[in-house]
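Shared between the two complexes below is chain A, which has chain B as its partner in the first and chain C in the second.
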Partner chain A sequence: MIHLSALLLDAIAFLAVLAPAAIGGLATEYAGSLNIALEGLMLAGAFSYMAFGAAFGTVAGFIAAMLVPSAIAYVSDLFSRKANADSFVVGLGVNMLVPAAASMLSKYVFGSKGVAAVAGLQSGRPFAGAASIPVVGALFGQRSSDYLAFGVAIMVALVLARTPLGTRAKAAGMNRDALTMAGIDSGGVRGAVYALSGLACGISGAALASSVGAWVPNMSAGRGWIALVAVYLGGKRLGGTFAASALFALLLSLATRAQAITEAPAELLLSLPYFLTAVVVVLGSSRSKRK
Partner chain B sequence: MISPVLRTVKDTGASSTPKRLAIAVATAAALAALAAAALSGEPSTALRAFFVAPFSNASSILNMVELSAPLALCALGVIVTFRAGHYSLGGEGQAYAGSIAAAAAGYYGYAALGPGATLAAVVAGVLAGAAVAALPAMGRRFAGAEVLLTSILVSQGFIFVIDWAIGGPLRDRSGNLIAMPALETEALLARLEPPSTLTVAPFVVLILCVAASFYFERTRSGAAHDLYGRNPRFAELQGYDVERLSWAPVVASGMLHGLAGALMVLGAKGTAIRGMSGGIGWSAIGAALVAGSRPSAVPLAALLFAWLDSGARQAAVLSDLPPDAGMAIKALVILVVSSRPSWTAVKAFMRRTPTRRAK
Partner chain C sequence: MQLATLTSIRKYYPSTNALAVDGADFSLERGEVHALVGENGAGKSTLAKILCGFESPDSGTVAIRGSPVSFSSHRDAEKAGIGFVPQYSMLAPGLSAADNVALGHEPRFLGVFSDRRRVAYDFSLLADRYGFSVNPDAIVSTLSASGRREVEILRALARGGGVLVLDEPTSILGERETEALFALIRRLKSAGAGIVYISHRAKEILDLADRISVMRAGRVERTIRPDDTDECGLADLIVRSSSCAAGTDSGSTPGKPGLTLRSVTLSRRGSDSLDGADLVVRKGEVVAVVALGGNGLDALEDVAAGVVGPDSGDVLVLGKDIHSYPPRILRSGVMAYIPTDREGRGLCAKASVALNAIAGRLRGYSFADFALGRAPLADADALLASFDVKNGGRRRVDTLSGGNRQRVVAARELDGPADVVVAANPTQGLDRSSRAALLSRLAEMRDEGSAVLLLSSDPEDASELADRSFVLYRGRLKALSGPGSDDSAIAAALTGVEP
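Presenting the complex of A and B:
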């Protein structure tokens, strides 16, 4: 039997990984140019956290995990704007480049191309004592990196909803020429939003890496794509995107917890969230079509 | 709906296909030389592995041609979907499904069919690829679900399932490799020029590329396919069968990916190995882009990527160059080929730079 509190504990940890990346993706969608590279940026965040964390400590790891993907996202957008390259293709290029680059660098940084565990980089659970409270205890049983990831997700959401940059991003997505006529550099706005999405994906990756305290090749394992799906399933709205991320987090948590109580192979259980999400996307689209 | 900018993917990059291919070859060669010089402690060995070893004898060249065949088929599949405005990212799972189905049909069907199991394996591979693509296709047809999202999700789900099947019930327990039992030699495609691995696969690719070129350039259906990709509403107003175009290209692409998976099994691999698709779905999108979404250019684009794979693998064996260098170079080639800097902007930048410095 799956205990509700254990299920929620895992679901919130999964949400800490999915929500920042999804909200980062939503930011670029607002700006009219969806960042397809969420998966690669998440991986860049995980690698940066482990590489810089191993060399300079946890705080430096988290800072690098946000700055490095942010710079990659900004440069990729700059490239697509200045070189007239399609942002979709550039995003795919980033998704191919990051795992290869991380694998090459891993050999030099960790001395191995495979899994590299670094002592001291697994985040602790600062409020573990309160985790035994029924149901709501799951909120207190998380790792410190998860709280940091939620903090960044809230910050990005506030930037989108409450600041001039958020308003300009939406304006850039609706009518770039109108923004330019108002004397605002629409390219600069898009660049800033891309950097923000990189930052959000980076903290997602860091939360993933710090939950195990190790670098595992391709550890994002499709979560960046799920974040992208959450943007669409959530109707390209902040609340909807967060709710869709929460749904996927719950499905992933169910698949993980089910491994302990059933004889079913782990791979089959892990495939279920992807199939169920696809079904949800189809049903959601069908509903929109009827409207 | 994905933003309209995605509908211009096939127009991205250099305007003419030969120019685009030339840029890709030059970029790949320059990056390979740079990687060999910068990342390897034995640069001359790495350079030889990239630029000499793959062309050192007829057998090496034919191996490379054989290696390019599955990639070319996947790239052709990508073109079929992209030109219809569907951005299917599920090629990886479709090719992997083709591999396992072909290996199962080839291995278990051999007792009943003998050498006829080869054909059964090809058919099974094609059908398996189509089946994986059918879910996103039906989602698009009946619910208007975005293929980009459903294809990646379904593909990822099937990759888990196939990993389980190869590592579990279908695994050959006699060896350490996580793979299905090897097919009988008679069930594999005949090697045309031993000791090379060349089979009939590259010729199948050429025939399909010519057929696809003819379809897109010379037929009314091909014109409708392209028009739907650019503007579905306009295609509908022209009286074309847009309902069919909303799903058929996705399934056709799945069939091509499935065929690619089957040819991998029936060619050099000899069976289905866990993780054997190895990023072919993503490389195929790059190859399709290098080919400018033109089927006639696909064999050359796939050959370029096969050379990068082959060179990187040889460089990793002969020197200390990381094997992932090949994938990194492919990604950078994609980025360079996708760019189309406007000469006006470049000139303006050149004029502006000295002024800024003077200030």
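Presenting the complex of A and C:
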């Protein structure tokens, strides 16, 4: 039997990783150029958190985890705009570059290419006392890094829905001429939104790394891609994207929990969310085609 | 006092190797409408873009109220009181009307957040002041063409309004909207504003303008008063010819049905739907369907060209279901199609002019022809010459002006014989002489036995060419009596007024 509150506890932790990245991806989709490097940027966030956290402490870790991916995203977008490169190809490049660079740097920073645990970088659970309340307790039992990630996700969502930058990003995606008429450089808007998406993915990665307290190569393990799918599955809307992220988070936590109670091989269970993601994508795209 | 003075303006576009403006002088006084006319590519739009801060001139000076300025974006021009109404929509379609007007100038609260109530309130104030009734929260894509134009005008008037530049503002408007626009222009003028009015339509210009400047090859050739000329004289000045008033008359008698629509219904497309449309276009006749935007003209185009299948009813080409033809067969010799969506459907924007011109006969060439031979280019040049497209060939088609793009489409589609011709807004963006050339080519094809379906939002196209005319209003077709329907009858039918 799977315990409901344990399941929710895990699901919310997964959501803390998925939601910021998905909303960051949505921001770039609004601006008309979906950032497909969410996976790579998430990994960059995780690595930056561990590397800077090991050297200068957790706070520096979190700050670096937001700034480094943000800079990577901004520069990659700048490159695709200035060199007129296809943003899709550039994004794929980032996804391939980050794991390679992290593996190389890992040797210098942690002294090994493999898993590197750093003491003191695992976030605590500040409200663990309230976690025993049935059902809603799951809301309180999270790590402080997860609350930080949700805070950033809410901030990015607010920027999109309630600030001039959000409106301009949408305008850039709909008709760049509308921005020209307003005397605004649409490239600058896109750059800002890309930086924002990098920041959001970075905090996702930091939440992931600080829940483990260690650097594990390729620890994002496809969660950036799932976040990307959540953007589409959510109909490219804020609420929808969040809801789709929550669905995927629930699936991930179900698969993790199910390992303990069934005879089914763990590999099969752990691949289930990805498999369901694929099914959802195919169904979703066939439905949108029929419209 | 002179509101705006442009002196010896020059502008060269390296990407197209074209000197768009070559030493043009232009001035605008308080309280005048100054019309800017000329052929496609004469430099009118470029000159307007320079005045509005979208482009900076290579040389020459722009002075506003006597003091020289140098705009780095349209925002600077707005600060100097210059508003611009573009020819093609420059609105964000998914945002609300009010958001579009506020874009770049959003009122804020707490320094960071958009003050959405204020945005809507400011918009309502503005709309009231100029007598417009657009809902501030309406999403632009749900507005009619004239509603969108109103939003564009409000955006131009929102900041300043001392100078208003309108680039072919009536090209998508019906008669009633045009009159409302003219009334507004006159009001602004009497309030002391200066208005630059770019148009191809001689009649409008004579109605409205205080001065008329004729541009040719990047220069302002002459500036005249409307009293110095008449409609024909002005048209001839624009294209430097004396061919005005050459009409087209019908020759042969209609034969077998070329294109038949039997109670065609297409819904689920909002206001753009068809409701039981019956239409027969026989070989050797031109049937025109006129409608204002959002009355089903796009739906009719899609159905007649076989792009979309109807929900119910039949579309027959030469008596056979249109979908029984493989597209390649349909499009080679059976049906010529000039789409309204020129950039999306009519052209491959990133391919060269030549390839676009011969797109219909690419299978006729071997690999060697393309690699080594000159045949494709030579054929393209021959095709393009029929519609007088200059410096064509290897240039990318999206470097051409709108009028020239339209000529490329026309040159390709109207080259050979075709049983059926579907021409949707074929004269969009064309100047007077190319428009006349296109209409006479359509008449020629009719006389050679084509069934021509002309879909247009411009009643003038219909009245010049059509043997029979229909009006489409809210998805229903209504026949107009005979070719000689007068303008007011058409206007009444277009807007749904019962006789």
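The rule is short, and it goes like this: the second predicted complex is superposed on the first by the 284 of 291 C-alpha atoms of A that agree within 3 Å, B and C clash if a C-alpha of one lies under 4 Å from a C-alpha of the other, contacts with A are read in each partner's own complex, and residues count from 1 in each chain.
Keep this in mind: a contact is a pair of C-beta atoms (placed from the backbone, for glycine too) under 8 Å apart; a residue touches a chain by one contact, two chains touch by 3 or more.
Given the structure is predicted, the values throughout are model-derived calculations rather than measurements.
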- Message: Is A:256 touching anything from chain B or chain C once the two structures are fitted on A? First, second, both or neither.
- Response: neither
- Query: Who does A:33 touch here: chain B (first), chain C (second), both, or neither?
  - Reply: first
- Message: Once chain A of both complexes is superposed, is A:220 in touch with chain B (first), chain C (second), both, or neither?
- Response: neither
- Message: For A:171, using the defined touch cut-off, is the partner it touches chain B, chain C, both, or neither? Pick first, second, both or neither.
- Response: second
- Message: Once chain A of both complexes is superposed, is A:123 in touch with chain B (first), chain C (second), both, or neither?
- Response: neither
- Task: Based on the superposed arrangement, let me know which partner A:58 touches: chain B (first), chain C (second), both, or neither?
- Result: neither
- Message: Contacts for A:183 in the overlay, against chain B (first) and chain C (second): which applies, first, second, both or neither?
- Response: second
- Task: In the three-chain superposition, say which chain, chain B or chain C, touches more residues of chain A.
- Result: B
- Task: Using the touch rule from the top, collect the residues of chain C that touch chain A in their complex.
- Result: 53-54, 73-76, 78, 84, 86, 88-95, 99-100, 103-106, 108, 112-114, 155
- Query: Okay, in this complex, where on chain A does chain B touch?
  - Reply: 29, 32-34, 79, 82-90, 92-97, 99-101, 103-104, 107, 113, 222, 225-226, 228-229, 232, 265-268, 270-272, 274-275, 277-278, 281-286, 288-289
- Task: Please give the residue numbers of chain B that touch chain A in the complex, ascending.
- Result: 2-3, 5-6, 8-9, 12-13, 39, 87, 89, 135-136, 139, 142-146, 149-150, 152-154, 156-161, 163-164, 167-168, 279, 282-283, 285-286, 289, 322, 324-325, 327-328, 330-332, 334-335, 338-342, 345
- Message: Which stretch or stretches of chain A touch chain C in the complex?
- Response: 158, 162-164, 166-168, 170-171, 174-175, 177-185
